[in-house]
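A, B, C and D are the chain letters, set down in written order, and residue numbers restart from 1 in every chain.
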């Protein structure tokens, strides 16, 4: 950590900071520049709020933390890329994983029909919400456990793995009885008690980025899961909130290489929530793969204009089937393959 | 609701939209402009996701919702401003309410000492976190129930009301046994199950604005609480996330008059979390009152540079005592008084 | 245009709005809903500030403009995609155009050496700043006309077209004597007098997006150029300003499909200014092409760590030469070719 | 400047950085921590792009600049607050300055009438645009020199000082023949050639903040003016662009104390452009004064709903006259007076 003193502060303020550093069992290296003095703080481990502590001392201009606050999610102690294996499905390996399905599980027919369609087109994981967070209390909130049963039936029939959202700690057990992957939604990305609960559950967790979360904060959220012993976290960029409103959110496609430079965890893109309009989902899917994402999560519905949620951004079966070979072409162009050994039967 | 068709779409696309409107039991008024056709949809109640449903229909350019999605939080069905009464304390009335105290309850001494100091300076509510959400899993997380007990002791001794954060639905009961006001933190502003749980608890709820929440979404979050039967919601603006990083967050002071134009609920300002640096807390406090806020929530700590959280933005007792008369002067300038009848013993 | 009245306004306020509409020679269609009245305004042409005029009338809740404010940049009156031809170079056609070169023209050697390297790797346009906008008045500001001469020499030797920035109306003439394409920088995207001056100059104009410009405002900026008679505008997305600071700016890759849905103008991506760090330039280049961009503008410098500006985001010759075949592979995967008929001699 | 090396980099990369520092005539202090090495760079003056230069060297994680890039605008070399005197008007002194007037000069009657009204209510400077930047090329662009003449006539009659916008370097001379204060609009805040031109003109300059300009960048823009020898710069916060759209822009009221901590220049607030709606102008005016602003700039029009620009955010004469005493009360509450000795004849 580096403490930058204000211009021309008196000697005793500098001494006070140095004393405080030493009081904490750390050591201080003082560098006197022409304009300012800076103090390098060395020693381990640094308390997490050490920077705040020094920022308020008289004469201090600024404090810069050198070490990252996340440990388990970073490369330093885990120099291999994380791959997650669920039976024959490998996430984060050489291949690309395509997750597809409806926003909400509405009926058994709708879900099974969609599962068959996305499997036929080459998806290997089925998404579908049984517990839905909705901005308004007056909207459809999901089928609950009945929805989980329907997803399980779809898995049985199609062989797809399933992913579904869990919204609150007390639901982790029931959702964990059915799902292959827990999904933590954007609004719950800093719901720390929920993160810890799925951290104890020992099934892979897909952590969607909060609407205005810094990448470093997102990795700290992943750290919450990992600190409970669960190493299998997938990060999913789904658009951030900016001033631009031509799209529902702004896909931060740069998050893919940025995350890959900071972390060994697999990175997915959700083009559907980013775009908010189905017409842009194809372009964003291809952009995500080209940027290096390990997978995509795409909303697909048998009849988007009758969907109970997110219809505007869902593809229908034909649109999804037409998009998949385009995704395949870009996947190949960036030197990657599919996440399952077998060739999908399109 | 208004449906705007694309330029030059054919008749049958317009008819399809009209048919769909009628199929839903609503009526459609078609206006043919020189360039475009627009369709006004009339009828009640409009399903909450009706706009999404029409946005995906072929030929539709855009859909504009005319009615607001929130009902209970708005003026339409509640033409008087909400005032919340807790014993002799009135929030949202003619007077201004000052909430003050430490970020976290750390020890009994620290809390009681702070309670006495802020009461002496004129605050009427004590804040203090017993359950703390922290960005990193390695930071101090609060004392839990022991913290609640300390707050209750401070109330007993000073007569201050208390407010403390609740982070998860299963904690609502225990926190409710101690607190006068539930605080929902910014990160949980869209934790809907938590909102519903405090909605059932029938004690006032202060709902802090999420980091990048639109004002309309914030009112919908309040609606979640109110829809459970709890009318006593206080909205607290605490800074939003923008590109500017000279302050921890950007205080959206305009939220005060905007909320007051849309809602009857009391509006508070938290200058401490907005500023992130104690040097700016005074200016933002005065700005908040001048803009029309019903109260302030200010972090105060006996020794900010030894605080276990948020030390950089906490005032010490002297700073707080010096700020209070300045707040008083602006309060008077905007024609408002204090929220308690008695004169504080400064 | 649609005027939405407040809930329960009295008849005479509605009448006043209708009168005002008719006073302007337009016609008003009144739709009375259960809760509100809305008024559709029909007639052409609508004055550009008509919405503001009605927003302030008593009883009016909101005004929604139906027609777009830009005309020349939109599809309505120009149903074919714009292609720009400069000798044998076609921009916006089937192929992809790669613009490359240093941020600033520093010396003749540096520029010629770079021109040869990027031409050999397959670029067809050379970028280089002779007049540089710099955030601080104490930074290098470019060589001025001497820089333009050097660019012209590089064109002569390599056959590359050249693009260079013009910063102020009075420089349009001198820059126009040398350049093939005018570049308008992000900071000047709403410098309307400059836009009009290049609009009169009748050479293609690349208009970089302002740091926080809405896509609609950007198209209106293009409209300024086009309204002077110059149809050859290229839009270049170069990252917008958001809360995230892991990258210099946030590349809004969605702008590519959004612009293509609204406008016939060619769209480029500048991955260098978006990323701000060379390690991310490759990923963003591929993402841009995959999203459908018509070209890329990439900063290349013989020795980035000795560059006088933007060294951190510039590729060296080897990095650029290695990136080009990867770009080529994605270009092919999305079914597009190169913008010049001949095969580059790598 | 501090250079932070990556974890575990080899000795020769550290040596290479140290060599480069010394090559530039600066000295390097190496601090070896448990995890990382950091290098303090000492010596003056540091080249402005030194940080970029080191950021790209192998093994470097991050570079932190310790010294501020702006000099003339900061407190270090100018420890007194700047006050600007124009005849008997003092800006930035103990008192508050109220600038008021129409967005655009439309006619002589409209301008004179407004001038009389705002003078009677206590304003001391008249605003009015003769050259207008407009988002669309099809909107009213101002009366040009005729507008300047009208402003001069209003000054003659009322004794108000005048402020008007200059949009391009070649207009500085003509505008300077009439105006008392140059206004640089938000869109031109980084139009560096314009900044330099008004820097040479030796009349006070009000520099409005660019829509998404960091405070540090804004001070660097002021530095452009000051570096030409003109010390009289007023900074005017007018709202920044954020995700929230309930107001036209988001007033960053914290900018007032932040600027005052960094700079000796006077700071104004423009509540009209920030709010975009007249109903919020009053609250934001009071908030600005309470936060410590040296003045306000408020749009006033004889008949806002007939204004040729910005009608929605303009106050009429009655609204302005009613607001002024409320501003006066808050001014007094924060211990400041009016900027002119005489009492305005209300």
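We adopt the following convention: a residue touches a chain if its C-beta (ideal position, glycine included) is under 8 Å from a C-beta of that chain, and two chains touch if they have at least 3 such contacts.
As the structure is a prediction and not an experimental result, all values here were calculated from the model.
A.B. asks: Look at the interfaces A-C and B-C and say which one is made up of more C-beta pairs in contact.
C.D. replies: A-C
A.B. asks: Please identify the chain with the largest separation between its CA centroid and the CA centroid of chain A.
C.D. replies: D
A.B. asks: Using the average of all C-alpha atoms in each chain as its centre, how far is it in Å between chain A and chain B?
C.D. replies: Computed value for the inter-centroid distance: 27 Å.
A.B. asks: I'd like to verify one number: the distance from the centre of chain B to the centre of chain C, where each centre is the average of its C-alpha atoms, in whole angstrom.
C.D. replies: Here the centre of chain C sits 39 Å away from the centre of chain B.
A.B. asks: Can you compute the centre-to-centre distance for chain A and chain C, using the mean CA position of each chain? Integer Å is fine.
C.D. replies: Each chain reduced to its C-alpha mean, chain A and chain C end up 31 Å apart.
A.B. asks: Could you check chain B for residues that touch two or more other chains and list them?
C.D. replies: Residues 212, 241-243, 245 of chain B each touch two or more of the other chains.
A.B. asks: Okay, in this complex, where on chain B does chain A touch?
C.D. replies: The contact residues of chain B facing chain A are 48-49, 52-53, 55-57, 69-70, 133-140, 167-170, 187-188, 190-194, 196, 210-212, 217, 220, 223-224, 227, 241, 277-278, 304-312.
A.B. asks: Note which residues of chain D are touching chain A in the complex, please.
C.D. replies: Per the stated touch rule, the residues are 2, 4, 7, 29, 31-36, 38, 40, 42-44, 64, 66-67, 76, 212, 241-243, 245.
A.B. asks: Which stretch or stretches of chain D touch chain B in the complex?
C.D. replies: It is residues 212, 214-216, 240, 242-247, 250-258, 261, 274-275, 279-280, 282-284, 286-292, 326, 329-330, 332-334 of chain D that touch chain B.
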